[in-house]
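What follows is a short report on a single structure.
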Amino acid sequence: MSQRPKRKRSLRRRQPPGTAPGTIDVDPSWLKSKVSVIAYGPDEVVERPLTGTKELEPLLARFPVVWINVDGLGDADVLREIGAAFKLHRLALEDVVDVSKRAKVDRFPDHLYIALVMVSLSENVLVTEQLSLFLGKNFVITFQERPGDGFDRVRERIRGGKGLIRKADSGYLAYALLDATIDGYFPVLEHFGERLEALEDSLVASPDTNMLSEIHGLRRELVVMRRAVWPMREALNFLLREGSDAFSLETRPYLNDCYDHAVQLMDLVENHREMASGLMDVYLSSMSNRMNEVMKVLTIMSTIFIPLTFIAGIYGMNFDSEAGPWNMPELKSPFGYVVCLAVMVTVAVVMVFYYRRKGWIGMPRRDP
Amino acid sequence: MSQRPKRKRSLRRRQPPGTAPGTIDVDPSWLKSKVSVIAYGPDEVVERPLTGTKELEPLLARFPVVWINVDGLGDADVLREIGAAFKLHRLALEDVVDVSKRAKVDRFPDHLYIALVMVSLSENVLVTEQLSLFLGKNFVITFQERPGDGFDRVRERIRGGKGLIRKADSGYLAYALLDATIDGYFPVLEHFGERLEALEDSLVASPDTNMLSEIHGLRRELVVMRRAVWPMREALNFLLREGSDAFSLETRPYLNDCYDHAVQLMDLVENHREMASGLMDVYLSSMSNRMNEVMKVLTIMSTIFIPLTFIAGIYGMNFDSEAGPWNMPELKSPFGYVVCLAVMVTVAVVMVFYYRRKGWIGMPRRDP
Amino acid sequence: MSQRPKRKRSLRRRQPPGTAPGTIDVDPSWLKSKVSVIAYGPDEVVERPLTGTKELEPLLARFPVVWINVDGLGDADVLREIGAAFKLHRLALEDVVDVSKRAKVDRFPDHLYIALVMVSLSENVLVTEQLSLFLGKNFVITFQERPGDGFDRVRERIRGGKGLIRKADSGYLAYALLDATIDGYFPVLEHFGERLEALEDSLVASPDTNMLSEIHGLRRELVVMRRAVWPMREALNFLLREGSDAFSLETRPYLNDCYDHAVQLMDLVENHREMASGLMDVYLSSMSNRMNEVMKVLTIMSTIFIPLTFIAGIYGMNFDSEAGPWNMPELKSPFGYVVCLAVMVTVAVVMVFYYRRKGWIGMPRRDP
Amino acid sequence: MSQRPKRKRSLRRRQPPGTAPGTIDVDPSWLKSKVSVIAYGPDEVVERPLTGTKELEPLLARFPVVWINVDGLGDADVLREIGAAFKLHRLALEDVVDVSKRAKVDRFPDHLYIALVMVSLSENVLVTEQLSLFLGKNFVITFQERPGDGFDRVRERIRGGKGLIRKADSGYLAYALLDATIDGYFPVLEHFGERLEALEDSLVASPDTNMLSEIHGLRRELVVMRRAVWPMREALNFLLREGSDAFSLETRPYLNDCYDHAVQLMDLVENHREMASGLMDVYLSSMSNRMNEVMKVLTIMSTIFIPLTFIAGIYGMNFDSEAGPWNMPELKSPFGYVVCLAVMVTVAVVMVFYYRRKGWIGMPRRDP
Amino acid sequence: MSQRPKRKRSLRRRQPPGTAPGTIDVDPSWLKSKVSVIAYGPDEVVERPLTGTKELEPLLARFPVVWINVDGLGDADVLREIGAAFKLHRLALEDVVDVSKRAKVDRFPDHLYIALVMVSLSENVLVTEQLSLFLGKNFVITFQERPGDGFDRVRERIRGGKGLIRKADSGYLAYALLDATIDGYFPVLEHFGERLEALEDSLVASPDTNMLSEIHGLRRELVVMRRAVWPMREALNFLLREGSDAFSLETRPYLNDCYDHAVQLMDLVENHREMASGLMDVYLSSMSNRMNEVMKVLTIMSTIFIPLTFIAGIYGMNFDSEAGPWNMPELKSPFGYVVCLAVMVTVAVVMVFYYRRKGWIGMPRRDP
């Protein structure tokens, strides 16, 4: 439910055709921007909220890597100011607020613009959010639609100073953020996988008409996942081919690893989609088998009783047996009733035997 | 309705096989051409209707960019005159009137020919129109089938002199027009998205046989959209690869941005198509579930009452119980009727119990 | 009907496996060959039937372009003679008579071999014919299976001397013939499009079981069209890439235009195929909706009357109400019949109400 | 039937995982190898069975082309001996006996290894056989699983000395054998085409439940054909691109012709597959239309008679009309019976009219 | 059954997003690692368990090839120690324990990392296991999830000293292990093929509702196979293109052979998938044919008896024939009963004749 309105909004924010490019046009309903900065080098870390771009100068001078994170896209001024401070390209800035939720990489002369889609689950509903990342010589700027992200472990690695991150350059930080974003897909896909398997189990146990909308819902969400994953793989591929000079030689194998993870994601998504299609097939067949079962019971009951009822009808007719010797003499026979019942039983037994031979009755078969 | 006749007409206008190439053959039913010109430079703008090509000479001499817009393709002479004045290639001119509604880019030695399809909605019906654009060193010529377009904001940007447009060259104007054309697809797709979601909601609420033609209609229109979008992406790709020397270095990133939008469009169209297919599946399954429901009610009613009616039939037979002791002595028994009713109730209860165990009766399940 | 036998024949004419390549093996049932020649230059045109290859020498010496057209492939000798006179490659000559109906281009050192498929409609049935075209420095040779073609307008352009054709070289003539062949597809496709739309209209009005074979027939013919169009596009692409040196610089843009038309054809064919698939879906759903309707009527009628008939059956039983006070005392009650009828009416009303609430009865819905 | 066991066998012959490469491991059930040799030059031909590799020396010295043909793969020694005499690569020799039935081309420093699949029909069942061909400077070696092949016409061309073959080198012989193998597919495909058309005709005439397994069988065999044809095209393409230096300049256009035939085959196979899918659709729809027909008859009969029977049931009730004036006074009316019959007829007529208006009864429509 | 929990586990082992790359994080439930070493040269072989990396020094000095095999990934320390001893890249080591079951090849400056998936059958259930292989100048290191593999024949070839393996370098050993892994797929696929054919046979004999879950299960397992085979082919392709310098010239054709086998596998998997889809179609059609059969019997029985029962009902009505001459005079006629029976028989015969002409009754047709 919560995912549908969002998609609508992202479309509604689109500027009217013919608007000048680079126009930064924010939605008044969006969250106000909150800017924070982490600046670090091998030996020290500074972490604090940012109130103006003037504070940046000394940080950029003192630290090899400055990471500015903006949560909420509601303040066009904040965006413009940061854009001006780092000379970010106006088209990239437009893309930050035009949350099309499509991964892409744009190369500008002195910085890279990387857009990715972050996925998470909120009360079992898939939520997508656009991450916009600018990578420059000594800075990384990230824009997110909402506060709350999967980067806390990266922040801890920076604070803790363990691993490579403090010794490495801004490219490595960008890699770490991309990697965390991509790795954030796995728990979501795992969740879908579990739902698919639960659905499969209950489908085998007892197919049910409201499984239809569940399968349909899962397929829709997998379509969203696929739309998120495919461009991500392309974007990473582009990054590896065209943008690798923004990354040091040591960082490149890590980027490659990222790409491998994206390929794995694609594999998983396609696999889940195939499973969902298979479930749909099984659901439809189960339903149709059920109907066959219903029809069989109807047929057996009807066809056994129809001739019997007819026979009973015959002897319920009121022809006057007094009127002539051919008028229902059976009714007067002392064994008429017994013979009649015997005929009925015989007919019924023959029918049952016939259906059993046809395989319609027999071993009590469980619904598939 | 209005879209189908149009497609037919565009086919009917085709010249007979074997006609000499470059023949400009207009349909007498088309709108008469109305030509207007906007010429501008950084400092001034002139905007007026054009009555003859002779007026162009001084404009071309005075302004860095001259934009001639032709609404209506009904005057072959106007086209020929403009073609002659700007030395446009005869094959391109033929394409202008041969409204095949397929985006393409042709490079000629001193100008580019770009054909795009403009889409709009007229009373919720998809309307397509061909935009033919010639881009030369200092001119842009656009041909449209009908007056009314999405370029008013571009005209205002020219008049207002804000943004880059007045300072830039003809390539930037061409980009601005392409961009406006492409951005014009988004509201149309949004409209389809909303119709799809409305359809999905009402499908979940109560599936209905006339949804079939609605889904079918949507799929047809999405096929038209796809046929429009795919070649557009190809044409823009070709423009980026082969025609980029007609654009200044500053304009190229903007063209790239255009291409990104076309890719997004493709994504959306494919997504909508997938949604429509999914809806079709859900519709079919819902219908089949409905039928199952119907069959189940029929089966339950029939199979419960069939044996009861048979029993009633038995005791409606007229065997003469006087004729012998075996002839329906039950009829004479003082408790015959009560026992008979009791047997009937027992049979009915057993059947109901059996169906409940089979899961055919039970929780009153809503139609999916 | 007429198209199926043809396909069979073209397969039957195939030479047995292991035959030496270049064997010219004609089918005795084929039409005798009729050869005609048109030779022209900027100033004069000669047009006459050809009786022997000796007549060619002076024509080739005098005119810049000589076009030899052969209708009917029944004379192996004629083919061999022409092959020898122009030194045509034996494999290409074999392809002329091995009418595989697949467009292709072969480059030989001093001539090009181009095979295309011409389509036309004969009494609303798709007819395909192979056109084999040899293009040399100053000659064009065309082979057709049957007389009658779409080249009359080209001949008139040669005779009339209007346009470029008389001034241009043999490459331009080849282009004009290719162009006429390709343009000949459009009316055929238009015909299919009209049949599809007529079918769609009547499907919406009243689905019918014999529409199935009509849709199936259309799909088959569209498969044939597709098999003709795809290789044509490939062949033209090959011609543009590899064979363009056989065409003058002025002719190449025209060839490009041909290629664009082939792409448009492909688009149309795919579009029509998709429409046909959509129709099939709609047909199947309509049929299944119809069945649902039938089932609903059956269910409603049956389930309303089944309990009523059972009640009637109860009171048709012959239990002797004299035998005891529990034996059907209702029969003796003065209001028994009225109460019984009242119960029946109540049951019927309740059922109707129940079905109406379920949505099975209600607004009289039209078949979709 | 005969094709399925074969596939199993070819899998069973596979060596256990981990076996050293190049192991020649024959199946004891295979036919013993029979080796024959044809050696020829422009002037003379020698043709005889081969008993040992020592006989080869003088032949290779005297003739420009030596063709050794081995029928039956049952003797590992024969294979090893020939492999040693011509220095064939051990992996290629392993492929000869590991009959995977997949076309491929391997280039070794001084010879080419070409594997193709030969198809034929044995009592209307598709039979596949692997042809392994080694092409060296002055020799061609072919290995076949069984005696009997489509090469007799090639042998006759060698014996007869007509055409190019005697004057050409070993590459031309290899081409001739490839060409004969590929051309051997056409009659098989033609056979499938005829079966498809026969099936289609009888499907239109009277759909039948056992057509299902026929269509299924055809589709399975077409899958086998496709698996044979696709790699063949790839192998030929590889041969044209990478292996063409093993062929003289004169032979290359012929190889190209081979490739064209493979492409035609692919086309035909895909076409047949599409036809088979179409038939399946038509079969399913016909069956479902049949069912609709059945349901309609059931519904019409039931719903017409159900109310009539109910009315009869009413007047079969035994309410005592003596007990009171409201107890079935109709029974005593002199026109009760006539009025009752009239009501029944009216009900029946109304129902028939209603169904006719719904289009369920009417023009006696033939089953599609 | 056993395959599903495994997939879940492999996902659950994934590290939380944002973890530093190269973290070796083992699952406590995994098997403890058991390390063994085989070192060999042309003349001698040493084979023993390994207790510490210090033992490796002398082996590496003395033998040209050292193969270390690790069964079980439960000891992070063992992995780290081996990683340190051979300077394996941390990302590759992370991949060893992050058992994503996706084949890949990574090139590092002084070693190659190759991940493959080994498949086997355990009680007819598909079991997959990741094989991680490091190939360096004079060593091969393999990591497996569980003891037991398909490499025993390779070990025997090393011990026995037959074939090339003892004389060759570490690249040849890596090839031998890859080859054994790939060849291990064939028996598994053969098993699936047999199950498919058994299913097909029993489907033709008597379709059954629980075949649905069998077909579904097979399709799921084939999806797993496909996910294993596709990346393997890609990985081998990458190895051939980019990593071939790690292999000697003599080994490369063998690698090529491996690649061919992977392509064959893909072919088989796709073929099996197509067969499974075909089976699903046949299953569904059979089920629907069955239902048609059921419906036909119901229709025939119902429609024959419905009018007969109605006639019996008519003469069961109690209209008082004394009340007037029009009140059921038939009941008094001496031949009333006989005529009535005759009418019934006539109606029944007419219906049977009608259904026979419609083809609904007739030749007793077997279920397909």
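Labels for the chains are A, B, C, D and E, by order of writing; each one numbers its residues from 1.
Simple rule for what comes next: contacts are C-beta pairs under 8 Å (C-beta built on N, C-alpha and C of every residue); 3 or more make two chains touch, one makes a residue touch a chain.
All of these numbers come straight from a predicted model, not from anything done at the bench.
Asks: Starting at subunit A, how many touch steps does it take at minimum to reach subunit D?
Replies: The distance in steps between these two chains is 2.
Asks: Counting shared numbers against all numbers at the contact of subunit C and subunit D, is it over half, same, or under half, different?
Replies: Different: fewer than half of the residue numbers at the subunit C-subunit D interface appear in both copies.
Asks: Roughly how far is subunit A from subunit B, centre to centre by C-alpha average, rounded to an integer in Å?
Replies: Once rounded, the distance between the two centres reads 25 Å.
Asks: Express in whole angstrom the distance between the two chain centres, defined as the mean CA positions of subunit A and subunit C.
Replies: Result: the chain centres lie 40 Å from each other.
Asks: In subunit E, what residues contact two or more other chains?
Replies: 288, 291, 295, 298, 302, 306, 309, 313, 316-318, 328, 367
Asks: Tell me, which parts of subunit A touch subunit B in their complex?
Replies: Going through subunit A, the ones touching subunit B are 4, 7-8, 11-12, 14-21, 89, 91, 100, 102, 104, 106, 108, 206, 208-210, 212-213, 216, 219-220, 223, 227, 231, 280, 283-284, 287-288, 290-291, 294-295, 297-298, 301-302, 305-306, 308-309, 312-313, 315-318, 328, 330-338, 340, 367.
Asks: Can you list the residues on subunit D that touch subunit C in the complex?
Replies: Within the complex, subunit D touches subunit C at residues 150-154, 157, 162-165, 176, 179-184, 186-187, 189-190, 193-194, 197, 204, 253-254, 256-257, 260, 263-264, 267, 271, 274-275, 278, 281-282, 285-286, 288-289, 291-292, 295-296, 298-299, 302-303, 306-307, 309-310, 313-314, 316-320, 323-328, 358-360, 365-368.
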